[in-house]
C-alpha cells in the first residue's frame, strides 16, 4: 500500500508510462489453481478500452495483454491455472504517436499532475501525462479480472448514475441497459439524453464530470477489520486513487448527513436465508465490516482537464502563459471510470476475503 | 495499514476497548528531538472529550494520557523531547459504569457494528461497543497531536459545516468562531441556530448527521506519490476509517461531477511567492500530490445509531426483537468528529512528509 | 516489519525503554476465540526473567504482565478468550534503581548501541540501555506465548548448545534436562561443566558467547512463500533481531558449505504417515517453504558487552576515555536468549500459518 | 516484504519462472534524477550470467535487460535519469530448451523445492524449477545495480571465502584478484587450488557448498532502526532469501559465540575523521544500527542439489523411486551467489538509507 503497490495478501504492483515501451502489472498472492487465461483478462480490458465510441479518446490500441508468469497447466484438468506465484502482465504501447511535445513539456496544464510531479521530482515524463495518464488504469482492470475470480459468487458491477448535473432515475435502473449504451448507464432514457448532451460538450472541446456507482453482490458478512483495516477505508483508498476521482461515498454517503438516527439505521429481521436488513443505508458495511448486503460505493469523477479552451498557467521557467489541449481526449472520463471502479472494488474485496480467511479461517 | 495500524513511516497502532482497563497507542517513526509533553497531547484530547456540553455524551472521564516511552531529556536543552523510538501512550478507562449489559449483549443494535463483529469473529466485547466504540478515537487525537509537530508550519483545522440539511453560510466563515460554540461551527449565526435545532433532537432521544470540513494549511507542494500512495487516497483511507463516516471528498468533491473542464481546472499565475493557483477545486491535490495550496477534505458523518425510539432487530439466537438505546449518547457525533478528523489529516500529512523526505531528500 | 513492528497477519508492535515507566506490546491479527489468560503469558515470561540463578542479571522484577484489551468471556464456554481485536500487554518497570548515570550518559560503551543510537538520533535514553536493553525481549516472549497457541500441535523448544568454545554432545541430547539446569542445556554433563565454567567467568566480571538452537515440531508442510516471503528469511529476520545475535543458520547451516550435493540432499521415502525424509540437513525448509520436518534454527549470541575490565572508548564530546560496567549483568546472555528465540520462532510460524491459510485456504 | 516484494521505501518486486516467457522486476521508490541506463544494469547482470566458465551452468542466455519505465531525459543534462516512478525491468527467456520434463514433472528432487511447492500450492511449474529457479536472482542483481547508486560513495563487494572445507587465507586477501578468477576468490593461491578441486567435483557430476563474504564500505553511521527494523535483521532476511543459502552471519558471527566480552567489544578512539573503532567484530552494526565501519556479512551456500548420482525420492503419486539430474548445472552455486549477495546487500542499504532520511532528515 505504498507508492505503486496496493493490497495486503492480494497485492497489485503496476509500472509504466503512457508513452513508454509498455505498461505492466504484478499480481501477487493469488490463490493457486484458479483457471486464468489472457482472453478472460482481455475481455475486461476491452470494456475499458478507448476508441470504442465517439465519447472516449480516439487513441487506438489493441491493449493486448500478455501473461508472463504465474500460470501453468493444472496437473488434473490440464487447463491453464494460477500457480500461487506472482502473475506478471504486460501490455505494449503501440500507439505512441510521434509528435512535438513542446507545449506540454514546458507548461503545466491546469487540472493535470504536471505541476505536482515537477514539484515533487524535479522531472516528469510529459508524454501523454507519463505515469499520471489514465492509461495506467488498464492494469487495474487486468488485476481486477483476476480478483473477480477469488471471492466465490462475487458479482461487481458499475454504472454511470450522473453526468454533469443530470442524475439518472433510480426507478428505471436496469442492469441490462449498461451494455447497450456507450455510457454504462442503467437508465435507458437518460442514456438517450446523454448521447445528445455529451455530443454538445464534445463538439465544443469541453468536458464534464460524472458520478459512478459500484455495486458488489455476493460479499459474505465478516470482511473487513477494525479499526484501520476497515473495508470501507480500503475501498475509499482504492477508489480515491483512480485518476480524476474527487469523492467517495458508501451507502447513503453524504446523504447520511441529512438523516436522523431513526431513518438511517437499517433495521433487521430474520429471513429464510438468515439475518436480513430492511434497508441498506450502510452500503453493506457496519463498523468497517461487511454485513452480507450488497456493498455500494459511489465516486465523483471530475471533468477531463484536457480541453480546447485556453487556460492561464505558468511554464517551467516561472513565466505566465496559456495552454489548450488538442488531440484525443475523453469528454467525460467518468465513463471509462466504470470498469476501473469495478476492478478496484474487486481487488479490495479479494484482498479482504483472503485476509479474513487468514485470521479467522 | 493493516488491521489496527496505519501509516508507513509515521505509524500509529492502537488497542483497547471502550470498557476494558485502558486504551492505548504506539506512535512509531516519529523524528527525534521534537519537544513533546503529555500536557500538549492532553490539550488536543480535551477538545474531543465528551461531557463538555449538553450536546455530547455525558460520559465523564478525565481521559488523562500518560506517555510511557519514547521521550527523554534533550542533551542540549534539557526539555523533554522525542528520541526516535516508539512513543507508547495510555489512557486508563475510569468511567466504566457497572451495569447490566443484557440487552446489547444479546441483541444487534441497528447501525452499530454489533452484528458484523459477531459475524466476523463469533464473539464481541459488547460493553459500550467494545473495540468499535468512538472511545478509540481518543488515541487518534493523541497521535495527531504528535503528528502536528512534524511538518513545519502546518496548521490543521476542522469545522462543522452542515448539520442535518442545514449548511453554514460559507461567506460567514470565521475560524475564530470555532472555539466559541460547542459545535466547532465557523458560522456564528448557524451556530446559534444549531443550539436550538440540536436541543430538539436531543430531547427526542433522536440524532442527526453532519458534514465536517478539514483544512490543512502549510502543506508543501510535492507530498504524495503515484499511483497507489496518493495523498488523497491516504486521506480517504484515514477519514473513511473514522467511526460513522460514510463519505469523503477532496476540494470540489462531488460538486466536481457537475462542473465542466473549464470551470473545474484551477488556473495558475506566477505570484510573488512562487506558483499561485486562482482557485482550489483540486483541494490542494493534483495527481495524488500536494500543490502547495490548502488541502481541503470533507467527511459525511451519519447520525448516532444509539437512539431512544425502538428499532426492529434480531438477537444472537436469530429471533426477531426490538431494541432502543438508553443512556449517554451524542445527538450529533459529527461534532466530536471535528478534532478526530483533524488528527487523521495531520497523521497522513506527517507520514507523507517523511516518506517524501525519504525518497526525494 | 518496520521499525518496531514485525509480522504480517500476526503482528507484534512493542514499545518501552528499560528504565521508563513501562514496556508494552500490541499483538494484532490473532484469531478469535483462543483461550488466553495473563497467567499463561506469565508462565513463559518467568522462564526468561532475570534473577533466577546467579548466572543471570540480578535485577529483580516481578515482570507481571497485564492484558489490557483483546480478550473477553467466550459466549459459549465463558472462558476468557481472544476476540480478534488487538491484544494490549503491559509490564510496569518497578526496579528502576535510582542511580547516577553520569558515566554511561556521557560515554559510549563498546559493544553496546550507545554510539549508534547517538549517531542516528542525536539523543538516547541511556538509562539501562534504553530501547536497546534486553528488557524489551520480555514483550517478545509475551507475544510468543500467544503465538504458540495459533498453529495446532506446534511445539517450539530451545536449547543452549554451545558456551564459548564448548559444545554439547548431541548424542546426550535430552529435552527433559532443559528444565533441570540454569542454562537450558540438554546435555546433563555439559550443564555440570558450564556451572563451573561460567562461575569463573562471572567472578572475573567477564562474559562469554553462546550458541542456541531452536526446534519447532508440528510445523505443517507448506508454510512460507517464494521468493521474499520465505520461511527461513523471516526466521532469519526475527532471530537476527534479538539483542546480541550475530548469526543465524537453518538446518546444516554453515556446515552445509562443507558438504557435497550427495551428502546434503535429504532423501525421501513414503512412510506410513506420508512423505518422509531420511535426514534433515534442510532444517525443515526447502525453497523457503516448510517440508513438514522439524524446523531447526541456530543463533550465535555474542558475549555481554557489559564487563568489569575497562575498555577504551570516546565520550559524547569526542574525547578519548575509558569505561567499565559495574552492576547487574548476565555473564552469558545466550542463556536468556533461549526463551526469546523460541518466542520469535513461534511468532514467525504463527504469522506464516495465517498467511498460508489466507492465500491457499 | 511479503511474498515477492522486499524493501520498504526502496522496494523490489519480481516475477517470472525459469522457463516462462520472461522474468521481470519492478523497482519502486527510487529517488528521481539518478542517471540510469540499461547498459549499467547489464554490466552487473553479466557478472552473474551463467556460461562464462566451465564452473557455472552452461545455459546460454544473453540475459539482455530492458528498462520499460521510470526513466526519462533529464531536463537539464539530457541524460537518461530516473523519474521517481516505478522502474520496470524485463528479461526475456530465450534459452528454454524444449525437452521432456517427464522425470522432474512427476518426481520430487531431493534438496529442491519440488516437494514443498507441491505441498503448498498443489501445483508447480516444474520446468527448470519454475519460480524457485536461481534464474530469478538475475532480477535481484538488476535491482541491486540501481540500489548501488542511491547511497553516496557506497561500495559493495563480495568474495568467495570458502569452498567445501577449504578456506581462503585471509592474509592473502586482494580485492583485485576477484576479477581474475572464475570464483570471485580474493586469494590467488586458493583460486588456483579451486580450479582443480572444482574440476574434480564437476567431472563426477557432484557439487559442493561454499561461503561468501559481502563487504559494504561507505555506509554512514546511523542506518537501521530499533528493534524490528534493524539493519542486520534486514540483511539476514535478504541474504537468507537467496537460493541455497542456509546461514547468515554479521561480523564475527558464529565466531562471537567463542569470544569473551573483552575480546569481542570493539574499542573506540577519536580519529582524525571522527570516531574510530579498533576492530570490527560487530561487522559494522551495533544495536541494529550501522557504526560507520564496513558492514560485513557472510552466507553459507549449500551444494547444488542437482547431481548425477541417483538419489532416493518419491513421486507425486506417493511411490518410492529414484532420481538423478542430468543437464546444465553449477557444481558450486556459491560462485554465482557472490553478485547476488552484493545486490541484496546494496538493496537493503539503499532502503535503510532512504528510511533513515525519512525519519531523521
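Going in written order, the chains are labelled A, B, C and D, and every chain counts its residues from 1.
One rule holds in what follows: a residue touches a chain if its C-beta (ideal position, glycine included) is under 8 Å from a C-beta of that chain, and two chains touch if they have at least 3 such contacts.
Nothing here was measured: the structure is a model prediction, and the numbers come from that model.
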item	value
Distance-maximising chain from subunit C - centres being C-alpha averages	A
Pair with more cross-chain C-beta pairs in contact, given B-C and C-D	C-D
Subunit A and subunit C: spacing of chain centres that average the CA atoms, whole Å	45
Separation of mean Cα positions, subunit C and subunit B [Å, integer]	38
Subunit C-subunit D separation of Cα centroids, rounded to whole Å	27
Shared-contact residues (touching 2 or more other chains) in subunit C	2-5, 8-9, 14, 29, 32, 84-85, 120-121, 131, 226, 355, 360
Subunit D residues within the subunit C interface of the complex	1-6, 8, 12, 14, 108, 110-113, 115-117, 119-121, 131-132, 136, 162-165, 201, 206-211, 221-230, 232-241, 243, 246-270, 274-275, 278, 281-283, 285-292, 300-307, 309, 311-314, 318-320, 334, 355-356, 360
Residues on subunit D engaged by subunit B in the complex (per definition of touch)	8-9, 29-32, 84-85, 226, 354-355, 357-361
Subunit B to subunit C touching residues, read off their complex	2-5, 8-9, 11, 13-17, 20-24, 26, 28-29, 32-33, 66, 68-70, 72, 74-75, 81, 83-88, 90, 120-125, 130-131, 316
